[in-house]
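Naming follows writing order (A, B, C, D, E and F), and every chain is counted from residue 1.
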Amino acid sequence: MGIVVRNIRRADRSTVDAFAAFGVATVHEAQGRAGLLDARLRPVYPGAHISGTAVTVSVPPADNWMIHVAVEQCQDGDVLVVAPTSPSAAGYFGELLATAVHVRGVRGLVIDAGCRDVAELARMRFPVWSRFVSATGTVKQTLGSVNVPLVCAGQLVRPGDVVVADDDGVVVVPRRVAAQVLAASRARQEREAVSRARYQAGELSLDVQDMRERLARNGLKYVDQEADD
Amino acid sequence: MGIVVRNIRRADRSTVDAFAAFGVATVHEAQGRAGLLDARLRPVYPGAHISGTAVTVSVPPADNWMIHVAVEQCQDGDVLVVAPTSPSAAGYFGELLATAVHVRGVRGLVIDAGCRDVAELARMRFPVWSRFVSATGTVKQTLGSVNVPLVCAGQLVRPGDVVVADDDGVVVVPRRVAAQVLAASRARQEREAVSRARYQAGELSLDVQDMRERLARNGLKYVDQEADD
Amino acid sequence: MGIVVRNIRRADRSTVDAFAAFGVATVHEAQGRAGLLDARLRPVYPGAHISGTAVTVSVPPADNWMIHVAVEQCQDGDVLVVAPTSPSAAGYFGELLATAVHVRGVRGLVIDAGCRDVAELARMRFPVWSRFVSATGTVKQTLGSVNVPLVCAGQLVRPGDVVVADDDGVVVVPRRVAAQVLAASRARQEREAVSRARYQAGELSLDVQDMRERLARNGLKYVDQEADD
Amino acid sequence: MGIVVRNIRRADRSTVDAFAAFGVATVHEAQGRAGLLDARLRPVYPGAHISGTAVTVSVPPADNWMIHVAVEQCQDGDVLVVAPTSPSAAGYFGELLATAVHVRGVRGLVIDAGCRDVAELARMRFPVWSRFVSATGTVKQTLGSVNVPLVCAGQLVRPGDVVVADDDGVVVVPRRVAAQVLAASRARQEREAVSRARYQAGELSLDVQDMRERLARNGLKYVDQEADD
Amino acid sequence: MGIVVRNIRRADRSTVDAFAAFGVATVHEAQGRAGLLDARLRPVYPGAHISGTAVTVSVPPADNWMIHVAVEQCQDGDVLVVAPTSPSAAGYFGELLATAVHVRGVRGLVIDAGCRDVAELARMRFPVWSRFVSATGTVKQTLGSVNVPLVCAGQLVRPGDVVVADDDGVVVVPRRVAAQVLAASRARQEREAVSRARYQAGELSLDVQDMRERLARNGLKYVDQEADD
Amino acid sequence: MGIVVRNIRRADRSTVDAFAAFGVATVHEAQGRAGLLDARLRPVYPGAHISGTAVTVSVPPADNWMIHVAVEQCQDGDVLVVAPTSPSAAGYFGELLATAVHVRGVRGLVIDAGCRDVAELARMRFPVWSRFVSATGTVKQTLGSVNVPLVCAGQLVRPGDVVVADDDGVVVVPRRVAAQVLAASRARQEREAVSRARYQAGELSLDVQDMRERLARNGLKYVDQEADD
């Protein structure tokens, strides 16, 4: 507690930016179904889709002092990732903090607690994925830490990791495997484009993905509906 | 388990289509306050309003194999109704499956579990009512069944039943009583139009619905506010 | 039970109307972080922002009879505040009741239970903050009370109090302190405008709010990231 | 609504009684993983384990009138199964009703709503599986039905079906397959006794159930822990 | 905030003590189904049953400083009633604080947040009704208030009010009506004793409470089960 | 996925065993309020209190195959720590698996999912802390991993870490700091013994912990209750 880590190593910028072309579901699959934050985090308005590098903030319950401290550590392309040390529904973040990080190029906030001023955040197009929407205020009295590894909504996030978020939720990609997961996401998207075209042409996934034989081997039976009960 | 029922009897198509003119609340009331699925099912985007015939899918937790099997059983005017055999928050259904059923004329999905790619679903205008939005992937390893009667979000749904869904939720109407519930929905809507006109003219439901005497008989008392506490 | 209080004292109209210029978060802070209803109440469509005077309705579970009774007590500038005597997810309020109160100048509904017809409510622009969206119907069989003090979503609300609601939630301001809280809201908004301008110019809240010294005194340490783990 | 079905066909009594020797988990597995009521139903005191025949009661929210009606339909060996038509946390059942059904030989209550007087129920050893414990009272004003098929906690229950309940929860076995599921439960218990003995002797399920080859084929790899991170 | 009210008026001691003979459900009914705290408050061990006078404590989230302040205001026969100003799952109260209030004659704690050391509390037989069990610690940094009216788990509690708690939950009785509610509880218990005796003798509530005619008037129909479906 | 790490480094056995003398709340505080698993994990029976070394198991939803694999990696003094890769309420663990690990000296199970056979587990005195009790079965079809670092109920747990669990919940202590946290726990317990003795003698924490001056400095005011409202 009470530590701010400066000069963190961030995932490569061009890699990070390239992730914005892929949905959270695609990245999550491409990473071997890992890294997905709990589905309790929801966007405060629909339609946002970002990628960025994590600046992590560990905060006490109902105390947002460390978010103010974290602003100074943010740079263009970052995403704030905030987790309380015990569950809190308080509104840690609103339009004023959003203004402060927006001018520094921060792309969004992921917080396993509450945020507020959501109408203004939508107007500013500053996206937030949060557990709660709540106007409840916070205090500025207890230290936490900035840029330490932390667990946010059930996933370990390290400073500098890649965060991708859209209407489906939030996924984290460790910095060291970012390039490799990006390549896998691309490959997956290409495969999906082929399937999509075949589905649009009326083909069935039973055939496109060759499932019929394995289904039969597992014992699937087709019957016609009996005389009406 | 492991049964696919083909050639189900569906509710009459013109009856099914006519239900789209009535809200879920109206149909639920017209049916004697029956058939409403649990309110935990919410639309993934606002504004959709559909009616269709149920193709039911019983799926294992976190396994969407049987939805692929069900696609082949779908035809124009159907609605997929999916229920897991034990609770699951996984994302069983996304844009690719939506594409596959959309070309077959399926009107929407009702699922007591998770779905994903919700931004794409909104763009495609393929409506989904789900319990969760989650990018969590599923496997294709265990059989379930298609077109068997099942309980979805607390209601018994039989294949071929009518499903009506809008921003208020989802209601199921058994195939055999569909025509009769449709007529009752129409009658109710007409009565409501009369009430609406009187309310817009400033009349009170106390008078329109003749409640004053029964209220008095039940002991309702009118008092003026006392000197300020 | 079974009491309707007429001729309630309402907060001063110009004060009430002036609150609509301030967000719920601002009013809640200006009031000393008091009066916020539980965050489980959510708007049924985004973008509404109202202030008004409370007409309170205490209702039995799944019984909306007293809302019909309450309509007659409503006047221009009011907000209905409804709380069930035990938890209920039923849909107490829909488009017909909205029509009836809309013509009387009622500005919205706050209900710690369910509402329905939410697509129509959005079209009418009649805003509702509710705990559930549910088409479940209610009966008209048991008395409750109108314009008695009640607890709604965890806050005591008295008839005539000021209610402010926006996308962040709902806050109640007691009638007797309304003018004073309005002044404090104004003062707070002015202070925030100054901060906002400084943040937009790239200043940090660490400096604008002079936090650095207190942080250091509390033991905050800045370190550089170590050689990679 | 408003129907009481008398003279229901009950599952065979000796079969029903024999189920009490098997845990809910065993019966659920023996039935092909079907019939388990949602885990939100919990016993109000630990240690009860019953089997019996279902007398079903469909009740309005917060109204227990039909439970009073159902008492008369109960006979020795029955279990009351109560489901509200919309969600309710009210306390539908307490020590007085327990007394009334206890003298008729009813073995317990399963209710997807609330019950009360739980200290007295524990003293009487009248077991209840409920969703909530709540002292909230109910009214006696609206009809429901007795001995109609209903959905309770996500499972279809028909009057006369077998209900088995213990500290793990509640499972329903359809009357027509009761004998067959009982036999399967016995067979499963015998197989488990063999496994148990081998486990107690220190054998591993990897060997007892011959899992090693399939694990290897699926790609499981054994590694030793690396030099410490 | 920051107020401690001393020398509160407490409900009459002999009245308060007499309430311990009545269950929460009885008192709640006798009071006209009012005063019941939300069922989310559960006892940390079964079997406790207390009555006492409320000493109220309004606390910030995750900060238990004011409970320490409140100890000094407690006297023999009191019950601590604690509510956070915004939701908190922290463990505000454990065995040390229990020791401190126990020696002053405090009979229990009611808290709409978390408590800890529950094994020790059970050993000491110091009963607690809480929303959460959690070892999460709290800080001592922000003021709250002692002996102000507050909302706890949805009910208004004033200092000196009577609190009754058992395995069913918690009910509050306003000080001014305590004697009257006590008398009503006694009357209700006596009526129930008569019913209980008749039920034990095998009579039905349908007859004891004379329900048959009203049921018939409401349209209840008795039918025999049809030939098997 | 699909990795089993053998020969993990475990925390020192005498240190691990010594932790059993300290409650979870004490250890959590002694560790600087870190390491507490989410309070949703609850013991399946009251009164258990264990310490041990973590054998971690990452499992697919509703699939307990890897727990069978993990048994072989367990040794005397271990505690199984199981987390699903996406949320699951299935019953992963029952009496048979408990038997298998019990004979190897495993002290308990911590699982962020469901377990079953809880009556037998209580009889065997094999303690489990779980998120759900559910008889729902699991399959054995998909690989996971054993003895990899994982997040369980919001906390990072590494194989060989110390796990302490009692009726308050579960706390994890990293292997490398175990000795130091043990010493801090001892010191804390000694300080608490002193406080306890002073409280039992009737002293107030206000004095024992010297709070009065800081309270006054923060603005706490004592007032007497006014003439009755």
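In the analysis below, a contact is a pair of C-beta atoms (placed from the backbone, for glycine too) under 8 Å apart; a residue touches a chain by one contact, two chains touch by 3 or more.
These numbers come from a predicted model, not from an experiment.
Chemist: Could you tell me which chains make contact with chain A and chain D both?
Modeler: B, C, E, F
Chemist: Which chains are in contact with both chain C and chain D?
Modeler: B, E
Chemist: Please report how many Å separate the Cα centroid of chain C from that of chain F, as a whole number.
Modeler: 40
Chemist: Per the centroid of Cα atoms for each chain, what is the distance between chain A and chain F, given in Å?
Modeler: About 28 Å, centre to centre.
Chemist: Please set out, as single numbers or ranges, the residues of chain D touching at least two other chains.
Modeler: 33, 36, 39, 86-87, 89, 134, 136, 142
Chemist: Once you draw an edge for every pair of touching chains, what topology comes out, line, ring, star, complete or other?
Modeler: It is other, because the touches fit no line, ring, star or complete pattern.
Chemist: If I apply the definition of touch given earlier, which pairs of chains qualify?
Modeler: By the stated definition, chains touch in these pairs: A-B, A-C, A-E, A-F, B-C, B-D, B-F, C-D, C-E, D-E, D-F, E-F.
Chemist: What residues on chain A touch chain C, complex-wise?
Modeler: Residues in contact with chain C: 2-9, 45, 65, 68-69, 71-72, 89, 91, 94-97, 99-100, 103-104, 114, 116-120, 122, 132-137, 140, 142-143, 147, 159.
Chemist: Name, in rising order, each residue of chain D that touches chain B in their complex.
Modeler: Within the complex, chain D touches chain B at residues 1, 32-34, 36, 38-39, 85-87, 149, 151, 154-156.
Chemist: Taking the complex as given, what residues does chain E use to touch chain A?
Modeler: Touching chain A: residues 60-62, 86-90, 134, 136, 139, 141-142, 229 of chain E.
Chemist: Using the touch rule from the top, collect the residues of chain A that touch chain B in their complex.
Modeler: Where chain A meets chain B, its residues are 23-25, 28-29, 33, 36, 39, 42, 46-47, 49, 166-169, 171, 192, 195-196, 199-202, 204-206, 209, 211, 215, 218-225, 228.
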